[in-house]
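What follows is chain A paired twice: with chain B in the first complex and chain C in the second.
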Partner chain A sequence: MSEFGYIPDSANIEQSFGNNKGIFTPKDIYDLTRADKYTNYGQLELIETQTVSTVNTVNFTNLGDYNVHFLTVNNLQVAVTNTRLGVRFYESGVLETAGVYQWAYQQCLQGSGGEFKATSHSSIPIQIEQPINFGGGGYNYFYNLIDNTKFSFLTNQHNRISNAMIGEFGSGVMPQTSEVTGFQIGSYDSSNENFSLTASLYGIKEYS
Partner chain B sequence: MATNLQFINKTEVTSGVTTVNVDNVFTDQYDVYMVQITGLHQNSNVANDVEGIRLIDNSGSVVTGSEYAWALLILYSGTTFSEQKSTSDTRLRLGLLTDQLSDGQTGGTFYVYNPNDSSSYTFINSKTFGMNTSDNNAGGKMIGVHKTAETIRGFQLYESNAGRPFGGGQITVYGVK
Partner chain C sequence: MGLVQVATNTVTSAVAQVDLVGITTDDVYMVTISGVKLASDQDLNFRVLKSSSPDTTYNYDGASKVLRTDTTFSNSGYVNNDSWFMDFIGNGVDETGNGILYLFNFNNSSEYSFATQEGVAVDDSNPTLKGRTGGVVHTVASASNGIRFFGLSSVNISAGSFTLYKVI
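What follows is the complex of A and B.
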């Protein structure tokens, strides 16, 4: 008898994602889905959307069991021009605020650009110098957050506008082999400025 | 049918090899593919960057000729950024800087456009991350093209230096609906 009660004669059929055979009852589908063995396309899975207004931090503390996460940020507005936002990681529930983060960003703008980098900072910038009332946005990929054998990385691309459109992209790392259980978006430095935004966190589902 | 990302394949990078083929993943089901590399590292203390990727044609052969053009910006946390490019190369360089696992790893996301279209070039853009003891944190942003109009069915993760074999990692392919 198979672990799952397929119809018809399916006692010895091995089920897997992309390779399901037989006729399934709703309970079969439920059980197979929970076992990651039912083919159900749509591997960009929304974990949480947060819309916040006039706060100085926003936390994402549910990462699920995904190895790669995708974060979108839009309609970012700040209370003070040239506020820089950054990410800090929670390691087993404890926010890492020390100068352990490394990052590098390329700025692209009309007329000139620039390199921004650090090998010892208290956060990884994900959105820089967003002026008041222009509503910028961006996206980030996070890698290996929940894997306590690997460093935690992110890549980022975002836009902002002041007198001209500006794009920025880069990457950052917390070079510590710890289990990251969440992250906090807040001021890149100690300025602790208020901001408003809508941010959606997705997990990217994979299968063995 | 749900849309967005649709899982196709996951490949484990085994320790000790310098090439990993991810074959038969590009079909007529999608025009665009997203590929994610995670946890890629070397199996010894050799801080360097992985050569890149090469494509696999419709007959299953790895395209090894000088049929690739690419432009890459490597963003170093500890030193001046590096702009690199080629109009005729034997691989697409992604800027995958890595090391043994205790010192760093690399990965990222790249998109593949029109691989199954025999009348079109195959284009790729990537955004990568990495770290090793020589360079600290280093990201990469690349645009590239395979300058031959033919059907492409897969790709190969490629390192030419036998002294820098991979130690492990994963490669996951998704179709983009």
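What follows is the complex of A and C.
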């Protein structure tokens, strides 16, 4: 891309990642970055932020080409107390709603705790029993979503407060070798309760 | 939060270990692990690297919750081990290990090296989900410049992506 960068007496310099030459204007850097030809090792790259209010599903259908994704969920509020939210995966564009998901979570409560797990549920929980008017939050790492030769995994940690603080952490898997093209946040079961939240999906870029 | 890639290694043919080197500042570092397979059923473990050489002394402690769908969760605690536990993985077609580490004080020669871990894998035979969340410490006040992953009992790593980032 010889139009990028200024090099005296050098008219046709091909720019590529790890091999940039020249002096670059901000526009050059912007254009080269968008072309993935500007050297900038490793990034937490924002794919999309969605802020929604009073909906019963949110879809993320652009996953890019990342092995690992990071999802933050903030200010989550639901219409019906103790509603659980979960994720379901789109396999080649088709939402998997069958009872194929496994997960295991540890609940941490004041003075006690407990196990929460399933081997054949219709979603993987990412926020458990969120009360009305308390904005909960959490994060998830997703693994191997776009790899059609591997299962799709996540690890999660989140919090909620009702009468007391409760923290929960765990992991889940859709044990099917398929290309996941997106995911849907919605009710953990068939209740279809409305909720509001801000969720940001990032890709964790790797350069070989 | 931002990430700057420091080192990466994608395994496509069997290797005895994977080293990620390049911790040179007092920043927090993060490691992503995805799609890891071992040559046979075994634990994927990890150690600190000092001047790019593994420290195999018995100074590794860890405490974590083992989450699994086939039986009761368990507490995993160990002291004075010669490495840390990450995931239990095997060589089944669909068995892979995945996880995130955050590394603290690795570059600081006067502090212990700490890490938090969250991992998830499946045992292919069922399949059964097995996860591990907790923390580890290397109880030696010295600088470490990286981390090594390996299979216990000399089991090779046959696949997977390992990447070290500096958190900025």
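The definition used in the following text is that the second predicted complex is superposed on the first by the 168 of 208 C-alpha atoms of A that agree within 3 Å, B and C clash if a C-alpha of one lies under 4 Å from a C-alpha of the other, contacts with A are read in each partner's own complex, and residues count from 1 in each chain.
What we mean here is this: a residue touches a chain if its C-beta (ideal position, glycine included) is under 8 Å from a C-beta of that chain, and two chains touch if they have at least 3 such contacts.
Everything numeric here is computed off the predicted structure, so don't read it as measured data.
K.L.:
Would chain B and chain C fit next to each other on chain A once aligned, or clash?
P.N.:
clash
K.L.:
By the touch definition at the top of the document, which applies to A:155: first (chain B), second (chain C), both, or neither?
P.N.:
Both chain B and chain C are touched by A:155.
K.L.:
Touch test for A:172: chain B only (first), chain C only (second), both, or neither?
P.N.:
So A:172 meets both chain B and chain C here.
K.L.:
Now for A:17: first (chain B), second (chain C), both, or neither, which partner does it touch?
P.N.:
first
K.L.:
Is A:193 in contact with chain B, with chain C, with both, or with neither (first, second, both, neither)?
P.N.:
In the superposition, A:193 contacts neither chain B nor chain C.
K.L.:
Given the touch rule stated above, what does A:31 touch, chain B (first), chain C (second), both, or neither?
P.N.:
A:31 sits against neither chain B nor chain C.
K.L.:
Can you list the residues of chain A that meet both chain B and chain C?
P.N.:
Residues 41-44, 67-68, 102-106, 115, 117-119, 141, 143-144, 147, 150-151, 153-155, 157, 169-173, 175, 177, 204-208, which sit in both footprints.
K.L.:
Of all residues in chain C, which touch chain A in the complex?
P.N.:
1-6, 8, 10, 32, 34-35, 65, 67-70, 72-73, 94, 96, 98-100, 118-122, 127-129, 131, 133, 161, 163, 165-166
K.L.:
Name, in rising order, each residue of chain B that touches chain A in their complex.
P.N.:
1-7, 10, 36, 38-39, 73, 75-78, 80-81, 101-102, 104-105, 107-109, 127-131, 136-141, 170, 172, 174, 177
K.L.:
If we count contacts the way the header does, which residues on chain A are in touch with chain C in the complex?
P.N.:
Touching chain C: residues 41-44, 67-68, 102-106, 115, 117-119, 141, 143-144, 147, 150-151, 153-155, 157, 169-173, 175, 177, 204-208 of chain A.
K.L.:
Flag every residue of chain A that touches chain B in the complex, lowest number first.
P.N.:
Per the touch definition, chain A meets chain B at residues 17-18, 40-44, 67-68, 102-106, 115, 117-119, 141, 143-144, 147, 149-151, 153-155, 157, 169-173, 175, 177, 204-208.
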